[in-house]
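A short write-up of the structure that comes next.
Chain naming follows the written order as A, B and C, and within any one chain the residues start at number 1.
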Amino acid sequence: MDSVQIYISLFINGLALGCIYGLIALGFVLIYKATEMVNFAQGDLMMVGAFIAFGLIAGFGLNFWLGFLLTVVFMIIFGFLLDVVVIRRLIGQPQFSIVMATIGIGYVLRFVMPYAFNVEQIAFLTPFTGKAVQVAAMTLDAGKLAAVVGTLVLCAGLYMFFQRTRIGVAMQAASQNQLAAYYMGIPVALIFSLIWGISAGVAAITGVMMMPIANVMDPSIGFIAIKAFAGAVVGGFGSIPGALVGGIIIGLVEQFSDYLLAPGYKDIMVFSVLLAVMVVRPEGIFSQMGRKKV
Amino acid sequence: MTFFKADKLAIHFGGVKAVDGVDFEIAEGEIFTIIGPNGAGKTTIFNLISRIYEPTEGQLIFNDEDITNTAPHLIAGRGIARTFQNIELFEQATVLQNLLIGRHAHRSGNLLANIFFLPSTRRAELAHREEVEKVIEFLDLARYRDQRIANLPYGVRKVVELGRALCTEPKLLLLDEPSSGLNVEETSDMAFWIKDIRDLLGITVLMVEHDMSLVNRVSDRVLALNYGRVLTLGSPSEVQSNEEVIRAYLGG
Amino acid sequence: MRFVFKTRYEQDLRLWRHKGDLIGYGIFLAALLALPMFAGVYYVGEANLWLIYSIAAMGLMIAVGFTGMASLGHSAFLGIGAYTHAYLLQNGVPFVFSLPLGGLLAGAIGVAVGFPTLRMHGIYLAIATLAVALITQEIMSKWSSVTGGFDGLPVAAPDFLSIQSEAMYQGEWFSVGGLHVGWTELWSPVSLYYICIVVLVLAALIARNLLRSPTGRAFVAIRDSEISAQSMGIHLAYYKTTAFGISAFVTGLAGGLFAHQISHLAPDAFNIFISIELLLICVVGGIGTIQGAVLGAAFLIMLRSFIPIMRDEVTAGAGGVEMLGGLVRFVNSPGLEAAIFGALLVVFIIFEPMGLYGRWLKVKTYFDLFPLYKKSTFARQKSYVKTERLR
């Protein structure tokens, strides 16, 4: 392979990984925008989604697409219930306590999933696993392309949902001004639960998309959310396009520094980029943060 | 000499001209009130004076000095203290601690003296405590001294916030809606205190207030504001009979 | 509530609130000092871990509990303290200098980290410190000439104090209660134990002194409302940096002690989970209180040694029973310990946000007021999502 091809494939790899980061980031930015809670368990929700899909597809032998769909439905319900049963009770606590609580939830999920499925690692076949697509002189990995295309489709879908449906608009209203929305008769508590549901659904989709990229996953796969956080901050915490763009930037930085630098330096590079952005432009690329109004 | 002066003060948030070229001057010893419908820009003026917001344009003069570029944490030391419309107390701390924080601008000594709690720190603490006790007595807060703010009713919190501002020993006191959320009795206490603050402590008061009876009782001059612009300035009765002000309140 | 008659303002500046408190702390300290005379070396080792975690958590408490700055990076400060101390010891610097130097370096790095991140709000700081923790760990494994890389760094035993339960042939000064104290290089957990107590008392004093002085009040003010802190004259950047620096310093001191506890340093000993454990201690113990750090650490250490015991008991008891196979698998699954911690964290935050120390205060108040105690004394006000951002 000549160097141009290497760079193109690095780019595609980075883009695919970045899309995964971007979607995880999107999940917690959705929650953050609406409820001002920061969900450190978002990566673990992705892991739960992947395990469920594994159970349905590899365990029960369901058709991939059917299993995928059921996983998403199940995760939406799971996210909804998580809010109703646990998260809702945290409202009014300091932000830090909520972060700690979601870290706690992550711990529990990382234990429960492998126990429930009685496996340490999961792998299931997707229509993209091991396939390649020929573009001009390049051979591209189908799983990675699917991740990129899937991200685009999902984002378009979410965009339509928030712009066009009544419930989506109500969610926007609730996230802009809770109290006003409440007075307008929008059931804010229900909306919050729905947002957790959607966020968990996005996590499930991310988890399935991750499968052909990762080949095998174990419960600790959720830790990649740390890089998704980095992406969200780089993009401008609280901004949805920022989450995606930031995630992709982090994915690209990771892939390129993995290739260009000595082995083992890619994480240092990723987090250095994060710190640099925080110092130079703390509001991120798409600035969203403001100050509390008094 | 100029005690306090806002000169062509303006701030724009994107397209919103929250304050749009406001001029006014306050004389030492005055009780000066800003009125205006919701969203008129009253709180924003306070935030500009306490330097939380950067003005888009204009100047702030206090004691003949330009404070337009003073860092926000230095404002208290210059002699300007404030309360907040929605009470910004230190919730998990006691009343006493809140008031002591009001003494921050007058602290002395360095970090190491604090860490080792040297005799100098102890002496300074006792002196601060005495000042705070004066305020406690003045506002009749003795009962609540050791209670945490989170456990106090709204009316008391309002008084504590006033007390905290007094502890900074201000020359100019900014009160953002001092009577909002108070019942009739508490409002009348508040009116007495505001008058006493001026008469006994000699502190100039700039306040934002909606309750016109309170405004009439205590204010020397009133400035009416709408959409970030001055409608009129004058005595309470003049302002209240002003056509434009009446129309602004009726939403015309 | 016991009513304390106060006749002088100085009473509020004391280290304790009333005589009962003073006696309580006195008994506690005496019991601590006497422990190695009764307990075996194994328990002294566990107690060391408890004391070290208490100190580290006390440091974290200054940032998280007093100032409201969430840090996921304190594993790094623990590590910096540990590596610096071990490296200096190895190069012949005496213990009494190298331990504080480790703390100071951690503190300096804390300031360096804190400073640029100050403009940011809660969650940003958490993510920035997380990044610092991960980078620090990478550096520990890559900077082999100093840290020994993955092979790690052995920790030299200090040579100035030895406390043993067996008689010493040389260098013995005196013996008390079965403990032989001497100036030799015979190092034992008991020696470390007493050093830990000294550092713990110092750390508690620093924290308490801060709290009763303007600096600590400024921290608390920043925690509860940055905007009004600022308009009271508090320089946010200065005090946040200071808080973070002191916090990192104290945790760095704990790191130096921790180095002796584990006796061989490796980068993995300072992973991000240590940060989370320290945060857990703060939350479970009682956020914003000094006592909470000690109580929370005790809780964590006890739970940690209890879980394996329970695991063995369950496995032995139910091992042969077919029906209980799931249970056996449950207790033997990896991650159980972490899951229990996680669940407890959630339970505490929901049901006892004031932590163990808060619970203790309630119990005490209950008995002080008996039979007049009202549940509402400590009731939390109903609250809404308090916005931290401008819309």
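Throughout what follows, a contact is a pair of C-beta atoms (placed from the backbone, for glycine too) under 8 Å apart; a residue touches a chain by one contact, two chains touch by 3 or more.
All figures in this text were calculated on a predicted structure; none of them were measured in a lab.
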| item | value |
| --- | --- |
| Most distant chain from chain B by Cα centroid | A |
| Chain pair, most C-beta pairs within the contact cut-off | A-C |
| Centre-of-Cα separation between chain C and chain B, whole angstrom | 41 |
| Intercentroid distance (Cα basis), chain B paired with chain A, Å | 45 |
| Computed distance of Cα centres, chain C from chain A, in Å | 33 |
| Sequence positions of chain C contacting 2 or more other chains | 227-228, 380 |
| Per-residue overlap in chain B, given as positions that touch at least 2 other chains | 52, 84, 88 |
| Residues of chain A engaged with two or more neighbouring chains | 291, 294 |
| Residues on chain C engaged by chain B in the complex (per definition of touch) | 9-10, 12-13, 206, 209-210, 212-218, 220-221, 223-225, 227-236, 242, 246, 288, 380-381 |
| List of chain C residues in touch with chain A within their complex | 64, 68, 70, 116-117, 119-124, 126-128, 130-132, 134-135, 138-139, 141-142, 226-228, 276, 279-280, 283, 287, 329-330, 333-336, 338-339, 341-346, 349-350, 353, 380, 382-391 |
| Touching residues (chain side chain A, partner chain C) in the complex | 35-36, 38, 86, 89-101, 103-108, 110-112, 114-115, 118, 120, 176-179, 219, 226, 229-230, 233, 237-238, 264-265, 267-268, 271-272, 274-275, 278-279, 282, 289-294 |
| Residue ranges of chain B touching chain C (in the complex, touch as defined) | 50, 52, 71-77, 81-82, 84, 88-93, 96-97, 100-105, 107, 109, 111, 114-117, 121-122, 124-126, 129-130, 133, 150-151, 164, 168 |
